[in-house]
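Below are structures written as structure tokens.
Two complexes, one shared chain (chain A), two partners (chain B, chain C).
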Partner chain A sequence: MKGLISTSVAIMAGLIVLVGYFFQIPILSDIRNLILDWAVTLAAIMVFIGVLNLLSINNSRIQTKQKGGFYSLILVISLLITLILGLLFKPGHPVMNFIFYSVQLPVERSLMALLAVTLLLASIHLLRRQPNLFSVIFLVTTLLILLGTAPLPFGVLPFFSDILRPFVAQVLAAAGARGILLGIALATLTTGLRVLFGVDRPYGGQ
Partner chain B sequence: MNWSAMIAFVLVAGSAGLLLGFAILRRKSSPAFREIPAFIRLRKAIGRAVEDGSRLHVSLGRGSLTSPQGAAGLAGLSALRRLADLTSTSDLTPIATSGEPSLAVLSQDVLQASYQEATAGGHFDTSGARLTGLTPFSYASGTLPTLRDEHISANILLGSFGVEAGLLTDAAERQNSFLLAASDYLPAQAVLYASAQEPLIGEELYAVSEYIHHSPMHAASLSVQDILRWVLIVCLLLGALLKLAGLL
Partner chain C sequence: MLSNSVLDLITGFLSFIFTLMILSYLIGDNPLFRVAIYIFVGVSAGYAASVAWQHVLWPKLFQPLIFGTMQQRLLLVVPLLLGFLLLAKLSPRSARLGNPAMAFLVGTGAAVAIGGAVFGTIFPQTLASINLFDTGAGGSLVERLFEGSIFLIGTVSTLVYFQFSARATPAGPQRSRLVNGVALVGKLFIAVTFGVLFAGAYAAAMTALIERMFSLWAFLTSFF
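Now for the complex of A and B:
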């Protein structure tokens, strides 16, 4: 019964929003805007629930003394300190900016740098993992783009930066990317329709 | 209604009609889709996980349901439900991680629904669905301990990921665990192609549910995609020809 109600509500809400998008009927537009406002409010509440979930998982790791429990402790303490400071000073305050620019940003940048090394190693291993023509094309394209873009000690390579890189990036890669994006758009449409028909029920419909 | 809205309406209504039509026609027979080797290996990995009592890890990315990336999250949730059903005989339920709060809540709901259906209302451990971080790299670094410490034998990354997915693929490779990965974001697809064991490209992300477990509606949605793709190809070619002829 619970599943039937949640499915009916979800289908009804989805249909109203969809029909309200295509047909400019005042009452339908009002209901559509109201539903969308509810969705935004619910999304904000979800953030709060998500943070509680994060706290609960890490708290249980500390209490059960699981491997990595010490890092969970650091996470919980940092989260609580940031939360209290955020409530006291509000976002945009120099203290909050200090936390963001001195802790969050450097750590994320370090991970980005680590990712660059990880991807370099992955590219080196690509031919071993997938020894086929597409892997060769992938690597050759990467090298061509790098040669046309990377700042080299002796300046830019004339043919690579002027002709080859723009051709590969703006013609070949753009054409391929548009093809992939069109495929994703069509799949997005049918995924949405499946949810609208109640076939896929990511909201507790059993 | 303006022209673009009218075309969109015809596209949506036509797709809905085709979807229902194909689903009714194909209730008894399943259409033959091309084999994707990644899905054959995924089925084997699921079987191995059930046999040796290890866990599946499904990561759903950071696609907010209130954004256009929500569809990738929904596709991931649909696949999660099917994976949870398939591993319901295993001792350990799958773990779902996400970098978006709504996905974390919904993944908990999906896992709970599957578990309670399999165990006729047994007590579900809610720690199976986790929000691991709210920014791209905090999400990736929060997911790393799950890959390492939770007896995971197969990782499935399905959703909207950025380039941070490279850190997850690297960690999975270090653990020698199976990894299937797909994202709707183009730079992430390039990263996954270079680093993942079994990368999926483009719309293959949305076909996972059908390839894991056949259902008429999912099969119909793949057929509708194929038809729409041909319609688009014809439109593009016609547009190019009309442009060449100077009529556009």
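Now for the complex of A and C:
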């Protein structure tokens, strides 16, 4: 009988929310919205728990003087400063905007810029390690789309830009993407139903 | 208070430094890159926690608990209790106490995911596939039928590729020849799809690289 409470809670909460999708009954809608509100609140608490966990792990690395303790110290200091300022001022306040535009934005964009190099290296590695038909199709498609999209010094390539690229991107790739999307949706549906029937209990129920 | 121009200068300087620190990874993993990444992780975690507090926890939980009516307070007992149970997850000894709260989140999340999958993907995508064969819509009939057929073949064969059910045979579980053939076509469509997605990601990364280079150049030239 271990985990009976957890399983019951998961099934009850899930079924009420799910039934609310299919039947528009006012009282059911109200309960569904209330449950969703509670879930949002709990998700926010989870964010705080995650941050506390991050702090405790890095704190223990500093205390035990492990390798990389200096980096952990930097992380803890930057986290605490941002958190304290974030609790004092709302996001959107000039102080928080300053942090966002000075640290987060340049780092995120620079990491994205690094991707340009790593993706190029990855595509070269792909041809070396898996020189088969599918790798070739994958890379030829990439090249074709880039050639058809990129602003080239001598203008657009006539056949690539107006016929080949739209056909590949909007018909061939869209067909594959639709299959992948439907596959993901069907898998989500199956997994969700398994959770709601209590077959899968990823929350620690026995 | 600092004037706007001084603030802009500090922002530009920090942005310049962080960009250089991150791009230094191109010559290999180094302490400068790590310092920038650890600062980034710390700032992002702090920012996320402050957003959670300012937009959810204070207005939806603590403000009504302190200033709300009795009815509002009673309704908030449940998330408050579940929230305390979630805190038990921080310690391995008491982690089990947090299971009901996790179960609540997982159950609700599963239901929302099912709703999203059915109403957000399965119905609209299936409808869009059917509409491709709508002969009343614009364009020539041959063109529509051609495109619709390719869409149908691509969608079905891609789905078949992810079908892993197989019959038990003396040589082990095997898919039928027909399924294998259709799955092969699906694999071709998947390769093309991923190629297009890869090109999109690469173009975005290239744009970011050009933008960073331009920002470095703009900051340096702003002094002259």
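The rule is short, and it goes like this: the second predicted complex is superposed on the first by the 204 of 206 C-alpha atoms of A that agree within 3 Å, B and C clash if a C-alpha of one lies under 4 Å from a C-alpha of the other, contacts with A are read in each partner's own complex, and residues count from 1 in each chain.
Just so it is clear, a residue touches a chain if its C-beta (ideal position, glycine included) is under 8 Å from a C-beta of that chain, and two chains touch if they have at least 3 such contacts.
Worth saying up front: this structure is predicted, and the values here are computed from it rather than measured.
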item: Chain B versus chain C as contact partner of A:104, first or second or both or neither; value: both
item: Which superposed partner A:80 touches (first chain B, second chain C, both, neither); value: second
item: Which of chain B and chain C A:60 touches, first, second, both or neither; value: first
item: First (chain B), second (chain C), both or neither touched by A:168; value: second
item: Partner chain(s) touched by A:34 [first = chain B, second = chain C, both, neither]; value: second
item: Touched partner set for A:7, first chain B, second chain C, both or neither; value: second
item: Partner chain(s) touched by A:24 [first = chain B, second = chain C, both, neither]; value: first
item: Touched partner set for A:184, first chain B, second chain C, both or neither; value: both
item: First (chain B), second (chain C), both or neither touched by A:91; value: second
item: Residue contacts with chain A in the superposition, chain B compared against chain C; value: C
item: Chain A positions touched by chain B in one structure and by chain C in the second; value: 18, 21, 39-40, 42-43, 46-51, 53-54, 56, 71, 104, 107-108, 111-112, 114-115, 119, 123, 138, 177, 179-184, 186, 188-189, 191-193, 195-196, 202-205
item: Residues of chain A touching chain B in the complex; value: 18, 21-24, 39-40, 42-43, 46-51, 53-54, 56-57, 60, 66-68, 71, 104, 107-108, 111-112, 114-115, 118-119, 121-123, 126, 129, 138, 177, 179-184, 186-197, 199-200, 202-206
item: Chain A partner contacts - residues on chain B that touch it in the complex; value: 1, 5, 8-9, 11-12, 15-16, 19-20, 64-66, 68, 71-72, 74-75, 77-78, 81, 100-102, 104-106, 108-110, 112-113, 116-117, 126-127, 129-138, 140-142, 145, 149, 163-164, 166-167, 169-170, 184, 186, 189, 191, 193-195, 197, 201-203, 205-207, 209, 215, 217-218, 221-222, 224-225, 228-229, 232
item: Contacting residues of chain A [partner chain C, same complex]; value: 3, 5-7, 9-18, 21, 34-54, 56, 71-72, 74-83, 85-87, 90-91, 94, 96, 98-117, 119-120, 123, 134-135, 137-146, 149-150, 168-169, 171-186, 188-189, 191-193, 195-196, 201-205
item: Residue numbers on chain C that touch chain A, as the complex places them; value: 7, 10-11, 14-16, 18-19, 22-23, 25-26, 34-57, 60-61, 75, 78-79, 82-83, 86-87, 89-90, 95-96, 98-122, 125-126, 128-129, 147, 150-159, 161-162, 186-206, 208-209, 211-213, 215
